[in-house]
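First chain written, first letter: the chains are A, B, C, D, E, F and G, and each begins at residue 1.
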Amino acid sequence: MALRPLHDRVLVKRVEQGEAQVGGIIIPDTAKEKPQRGEVVAVGNGKLLENGQRCGLEVKSGDVILFGKYSGSDVKIDGVEYLILREDEILAVLG
Amino acid sequence: MALRPLHDRVLVKRVEQGEAQVGGIIIPDTAKEKPQRGEVVAVGNGKLLENGQRCGLEVKSGDVILFGKYSGSDVKIDGVEYLILREDEILAVLG
Amino acid sequence: MALRPLHDRVLVKRVEQGEAQVGGIIIPDTAKEKPQRGEVVAVGNGKLLENGQRCGLEVKSGDVILFGKYSGSDVKIDGVEYLILREDEILAVLG
Amino acid sequence: MALRPLHDRVLVKRVEQGEAQVGGIIIPDTAKEKPQRGEVVAVGNGKLLENGQRCGLEVKSGDVILFGKYSGSDVKIDGVEYLILREDEILAVLG
Amino acid sequence: MALRPLHDRVLVKRVEQGEAQVGGIIIPDTAKEKPQRGEVVAVGNGKLLENGQRCGLEVKSGDVILFGKYSGSDVKIDGVEYLILREDEILAVLG
Amino acid sequence: MALRPLHDRVLVKRVEQGEAQVGGIIIPDTAKEKPQRGEVVAVGNGKLLENGQRCGLEVKSGDVILFGKYSGSDVKIDGVEYLILREDEILAVLG
Amino acid sequence: MALRPLHDRVLVKRVEQGEAQVGGIIIPDTAKEKPQRGEVVAVGNGKLLENGQRCGLEVKSGDVILFGKYSGSDVKIDGVEYLILREDEILAVLG
């Protein structure tokens, strides 16, 4: 069973802190809005502009991304926790 | 008797948590703004853009959607409770 | 004596709760922002878009609509109470 | 001495509640934002749109209008009290 | 030494209340945001629209205007107090 | 070492109050948001409009400007204090 | 391992205060929102305008920039701390 995010939203599977240290990323505990890491699982069709054009997202499935700690909404599918974010809440892509 | 939502609104019939577990979706009790699940019953004609164009919705009748717990307005028709949401409050479509 | 609403406003005559139950609509007392029902009596010429185009309303005289409890402004004409709403405050049309 | 309102503003002379009842309009005392009645004395050239177009007002001198109690700014010219409103604060035109 | 206001700003010399009564304008003491009167001394080149067009002001040097009591910023040049307002803060022109 | 402001920002060197009185400008101590005076040292390329056009600034290096007391951010380069303002925070140009 | 910022964001490596004094920049301790200095490491593809056009950034890798103290989000990659800013939070470029 799949989840298709709407518009400029993306479905993200969080990557554990332990894994993050393997890749060299350490997110400080003291930061107020801690950036966090996840893998993009699905993306929406893009944001609708005021001229009627739909603008595809810059991220795609498989991308590993950083986002703020309190961004998005948590959902659980088949026992796995996911996060639904707007693309604007994504800080950067690792690559 | 039918309800036709206006513009970018959708009419939604909530799906019970019990059903949700059959499909594998579990929504955590502790989440502040709990995502929830429903079936789209009717959709509006779409959002009016500033260039005068009307943009049809990405969801259609029959779609099962996730949305935040406190989204939308509740109404009851012929003894059945419905929810009226803006499309922007829909997090994702299951499919 | 008639009232002509401006722009995207509509003039609405509230429909009593008693009538609402005949049609099958029951609005729960506990809802914080109770949707309510009314009949459209007159509509404005539509919203002015930033490109100078005026966009006619989706509702017309005679439509029965649902709206939130605290929406709009109350006026009384010839002893009858009316409500003036923006079209954006209309949740749905019964049809 | 005349006052010419700017842009989308209108100059309004309030109509007394006593007169209002002759015409059949009664505004409830308990309403939080009481709609009120006035006659348009002068109108601005209209609102400037983002495309550079100026959009004339829907109301004209002589129109009797309804507006919210706390709308606009009061001024007194030659001993007569007037109100300066934006057109958007006008609820409806009587006609 | 002259001051040239930027964009949609105007430079205004306040007109005393005493003078105002000669012209017949009386501003009530009890009004929360008291409209006030001044003479336009200089105007900016106009507001920049999102389409790159610059829109000239509706007021010009010499115009006597009304504005809210707490509008704008006070400056003093060669011992004379002036006010710098945005055109949108001007309620009306006397003429 | 030079500082190039971005977009619609300008780099400003404050002009002392003492100098201001020579030129005749006195800024009252009691004003809540005291306008202040400075000389433009460098300007950005201009604001980006929604149509993709970049709009050059109305001020240029050497202009003496007035701005609100709490506007902008202070920086120090080679021991000299500067201020970085958005053009929209500039009230007027002396000329 | 690299980080690619999205849209109008930039990845920045902070420059120590010690280094800053060599170059002559001193940022006062008392300023409420202290400007700070950093080197741009990577930039996004630019901001998406409402007409569908993407607008490249004014800064590029290697630029030394000033920004407010509380701007952006901190991340750590391979033991080095970085900052992710929106271009709009950049005050100026040194050079």
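The rule is short, and it goes like this: a contact is a pair of C-beta atoms (placed from the backbone, for glycine too) under 8 Å apart; a residue touches a chain by one contact, two chains touch by 3 or more.
Please read all numbers here as calculations on a predicted model, not as lab measurements.
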Interface composition of copies subunit B and subunit C: same or different, split at half: different
Rigid-body rotation angle, subunit E and subunit B, from Cα fit (steps of 5°): 155
Whole-Å gap separating subunit B and subunit D, where each centre is the average of the chain's CA atoms: 40
Between subunit F and subunit E, distance of the C-alpha-averaged centres to the nearest whole Å: 22
Distance between chain centroids, defined by C-alpha means - subunit C, subunit G (Å): 50
Where subunit E touches two or more other chains at once, by residue number: 50-51
Category of the chain touch graph - line, ring, star, complete, other: ring
Going from subunit A towards subunit G, every chain in order around the ring: A, G, F, E, D, C, B
Parts of subunit C lying in touch with subunit B, wherever the complex brings them together: 23-28, 31, 33, 35, 47, 49-51, 53, 55, 58-59, 66, 68, 87-88, 90-95
Sites on subunit D touched by subunit E in the complex: 1-7, 9, 11, 45, 48, 50-52, 73-79, 81, 84
